[in-house]
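Listed after this line are the structures, all set down as structure tokens.
Look at the two complexes coming up: chain A is in both, with chain B in one and chain C in the other.
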Partner chain A sequence: QAHKEEDNPEKTMEVNGLPSVPDSYDYDLIVIGGGSGGLAAAKEAAKYEKKVMVLDFVTPTPQGSSWGLGGTCVNVGCIPKKLMHQAALLGQALQDSRKFGWQFTEEVKHNWMTMTESVQNYIGSLNWGYRVALRDKKVTYENAYGEFVGPHTIKATNKKGVEKLYTAERFIIATGERPRYLGVPGDKEHCISSDDLFSLPYCPGKTLVVGASYVALECAGFLAGLGLDVTVMVRSILLRGFDQDMANRIGEYMNEHGVNFIREFVPIKVEQVEEGTPGKLKVTAKSTTGNQIIEGEYNTVLLAIGRDPCTRKIGLDRVGVNINEKTGKIPVNDEEQTNVPYIYAIGDILQDKLELTPVAIQAGRLLVQRLYAGATTKCDYVNVPTTVFTPLEYGACGYSEETAVEKFGEENIEVYHSHFWPLEWTVPSRDNNKCYAKIICNIQDNERVIGFHVLGPNAGEVTQGFAAAIKCGLTKEQLDGTVGIHPVCAEV
Partner chain B sequence: MAQRLALQRLLSLPSRGPLASQSRAFGTSACRRSTFNVQDGSDFQDRVLNSSKPVVVDFHAQWCGPCKILGPRLEKMVAKQEGKVLMAKVDIDDHTDLAIEYEVSAVPTVLAMKNGDVVDKFVGIKDEDQLEAFLKKLIGA
Partner chain C sequence: MGWEEMQVRGYPEFVRTAQRYHGRPIFALFCGDKDAEGRSWCPDCVTAEPVVRKELHNLPDESVFIYCLVGDRAYWKDPNNEFRKNLKLTGVPTLLKYGTPQKLVEEECFKAELVHMLFTED
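Right, the complex of A and B next:
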């Protein structure tokens, strides 16, 4: 173990009444969590010649699933999700293609294993790529579970149970989240989560998706697109936190295209009727508005009811880091610093911040630049664009209509909206009144565009450019003055 | 990559039949003696570094398409050399330390080793003639 060259005089003041602090540290920075935020921060710190270590460990799911370096996004989030969404879109494209003159006589079927293997192969290459990148940048990586045991000190336990202690001048917590379970009989034994879905070694078959988050709707969406019988069980509203008008349009579209919805029910019991891959499960659910009980049989039950931060078992109490006891999230100041000055946090675990990969990466990089390169730029959490990859994609940047009304008053905002019919949908006679776009403008501020929402194909690609424009202070007049590209959806 | 899927491959469940049997198709006795999977660091020490014969080390991964083409091809050419050269296969996800020690970035990476030293190497796919030349150079030199 090499020791740090110089002592840091600040350390004696950070003690918080805890016992003595080591004189010199093994590392300048230890990052706990090798996901989007953690890796970005670690690689950035190595650029400034800092001695950095990354600890990453995946506790297997109740079903036994686990994965390699890279975090949620790479392994069980954005990447496999988008690839499977693409698989579903291709299925639709194949159907449309007949109207465009393509002739094929075979029936088009989908093979779950072929898709899953291809997706997992790609993820495997990413896992390896990250390991190589860390090695090239001379960042030490340990596949071990990190927890604080004392000031500036962390214990790393690998999967064989071997424990090692490390010290560092500073820490960044980037442990991310894991799916929440229902807390009803049979949930952990029989249900799967998104952590299991993308590497499921058998086709899920008839699936019940519990939840109405974007995870639930995206998964339900592509599963249905692959030809499976999908039902979504919703406790109350769809896509909480998103513009509700857009959320309902998404739900309607999915409903009209083969996804069943059971509204205002929650599962109270899951039992196994038959073993198998997949087996058969019986789900008992109770109404949220009355005493009605219903039952249903499915091959697979996918829980997508929320995610909880991995902050409860990493020894934060031993170093005095405050967390929100109810949610597990960590409150930080606008420099991502926790209440303990040498401990920082980034990514999904932060309280009141957006849970998105690019946000974590940006926050991680800027934080490290402030720590080691004398920069002062803070992460801007405002006007962050996002996209939900439901069968009809939804891109958004800025305020939802409800939040805009609440903040500025209904009389001070103007909403411009329009349905549109993508040219590519005309020939195959697809819906002509589902795609929709709206912008929300602040009348008092020169009709500045404060909210952008689009529902249609390639919503993510469309939204990215508008997000940059909004960041520059786009006004309605400027938007009107911009000539459209024809024929594309974005011109609307 | 996700562990459950990797495990299924190892167990060679029926759905993976065709591909799983591909690498075992070359079941000639000569081939089996000259090609082996490295089990761990000390196995590598014994059978590669301390080998009296030259060894080609094939670093590969489950998720790597080109590896699945190069592997059998290399095994076939090694078998043709009638025991003058051995072949060690290393799965970089199972033996990451070894892969890192030999600075493997991309796969497939093949090292030619003699008396514990790396005397030659290539990355990516090669055709049979190129492989033959590579092996002959290793044996001859």
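Right, the complex of A and C next:
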């Protein structure tokens, strides 16, 4: 007999002849996935003296790459990305420095292995730090692949194939995503993804980046900044979902600064011409607008065409958790609860929510506070600021111009914009018409600032403060009334 | 073969010893010098040492445990001493697995659970 479940751990249940779930569970909470969201939730739960387990497991990439505890952000996302972006910026700074009087005669070259080793060492210290933090807070951590096998029950399989069963009162799914492959011959055998790039044990050389996501553009950006020959193959538009005017400015800047773009083509075949580290690959691509076929040779092909949630092989069907069959994402209510009351989900796998580390962390913490500390605050997904770390950085908070027009009507919004020339760029004669900022205001609501966009150095640092102001309901008048700090980019 | 302990004093001796055992897992505990009565100038080291010693039996086979006295208080406080510069030590006591980013610093060394984790897990 199947009982209609409530999230009440004291009841036992029998569903479809499976063994009844005991009144007492092994754990109060099992978190599947030790990334940004999972770890934040687990550490928070431990604060309330709950018995918590975290399962984290990285299925190696087709190239064999793997990594430690901490999830995408720490290992193959935000952290190494920003460090390598910084490496590229430093290269630019070295060029600029001559105009400021620094004299050096040697040619400045970049050593990929030195950079990668330092980055990986730092990541290793973060992995270790998380393990210390979990152990210190008495959170059980297992490096094992978790999947549901029945109500309140999961099976954890470690890398030696040893299986163990665990039960818990509640579960949080925080399994994140992995890069998507093209589905064409040679993609898995010869191409790499962001999962491989940051620990690549050899310099990637002449690189083709396939994709137009922020991952594609950020990687293409820093690879070019390090002196490599980089081409980006774009199927249609850049940075889908972002303000398109800003996206095009980013693309233009990259193009003018040494990144080649091949627009409206998709790869149909990748073949190995020469083995090596790196070897040589031949890419055959077809136009999306006609029958034209082109070929090109590269040392490395980096795929950045999207990410898919890790929700299809964790036994969700066995416990009845609904997922969007097409995308793999999990729909949840505004309390991060799935359709199964004792199973919650946070992070990148959520449907219609922003895929950002701070969002996952916030959602995880607030969820746990609601579960165990009687809190009622829900995660606020509105006006979340974000930054794209392309060579010319882009910070944004709120509506894109297109979305604002769609939602409020063109006549009801006012856009204020300006180019600016960072003082630091004047002396080295860097572009004087590329940095740009705009705000989008809702005329009907006191000219409230509903969109903030800035393209320029340190965009992330600039945007953070404005995000707080927007959360407080910043209006154009208040913005005008705020005296600027001089001389900085943000004063514009 | 179980594990063995080497006691060294000062940076050059530490480096020589670590190099000699290259290829085997090496764990090192860095403490402040001890006086004639065997007491260290570093109170946290006094607390940590017995906790660490109690866990030594969990060391993997073939391991080498290097017990290293870093120097006197003045030497340690110098921000340019070789341990700080080359090994990136930030405090004593420090217990680390040589050649990896895995380490426990100061009060972390008082916790048997964490020492156990450092010695037994990858």
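Everything below uses one rule, namely that the second predicted complex is superposed on the first by the 473 of 492 C-alpha atoms of A that agree within 3 Å, B and C clash if a C-alpha of one lies under 4 Å from a C-alpha of the other, contacts with A are read in each partner's own complex, and residues count from 1 in each chain.
Criterion: a residue touches a chain if its C-beta (ideal position, glycine included) is under 8 Å from a C-beta of that chain, and two chains touch if they have at least 3 such contacts.
None of these values were measured; they are calculated from a predicted model.
Novice: After the alignment on chain A, I want to confirm one thing: do chain B and chain C clash, or do they fit together?
Specialist: In the superposition, chain B runs into chain C.
Novice: Looking at chain A, which partner touches more of its residues: chain C or chain B?
Specialist: B
Novice: Return first, second, both or neither, reflecting whether A:Thr426 touches chain B, chain C, both chains, or no partner chain.
Specialist: Touch partners of A:Thr426: none, neither chain B nor chain C.
Novice: Using the superposition on chain A described above, determine whether A:Gly124 touches chain B (first), chain C (second), both, or neither.
Specialist: Both: A:Gly124 reaches chain B and chain C.
Novice: Considering only the touch criterion stated at the top, classify A:Phe198 as touching first (chain B), second (chain C), both, or neither.
Specialist: In the superposed model, A:Phe198 contacts chain B only, not chain C.
Novice: Per the contact definition in the header, classify A:Gly64: touching chain B only (first), chain C only (second), both, or neither.
Specialist: The answer is first: A:Gly64 touches chain B but not chain C.
Novice: Which holds for A:Gln464: it touches chain B only (first), chain C only (second), both, or neither?
Specialist: After superposition on chain A, A:Gln464 lies in contact with neither partner.
Novice: With the two structures laid over each other on chain A, which partner does A:Arg135 touch: chain B (first), chain C (second), both, or neither?
Specialist: both
Novice: Once chain A of both complexes is superposed, is A:Thr327 in touch with chain B (first), chain C (second), both, or neither?
Specialist: The answer is neither, since A:Thr327 touches no partner chain.
Novice: According to the stated criteria, A:Met113 is in contact with first (chain B), second (chain C), both, or neither; which is it?
Specialist: first
Novice: Is there a shared patch on chain A that both chain B and chain C touch, and which residues make it up?
Specialist: Residues 121-122, 124-125, 127-128, 131-132, 135-136, which sit in both footprints.
Novice: For chain A, which residues are in contact with chain B within the complex?
Specialist: The contact residues of chain A facing chain B are 60, 63-68, 75-76, 113, 116-117, 120-125, 127-128, 131-132, 135-136, 196, 198-201.
Novice: Okay, in this complex, where on chain B does chain A touch?
Specialist: 1-5, 8, 13, 15, 61-65, 92-93, 96, 100, 105, 107
Novice: Quick check on the complex: what are the chain A residues that touch chain C?
Specialist: 121-122, 124-125, 127-128, 131-132, 135-136
Novice: Name, in rising order, each residue of chain C that touches chain A in their complex.
Specialist: 100-104, 108, 111, 113-114, 117, 121
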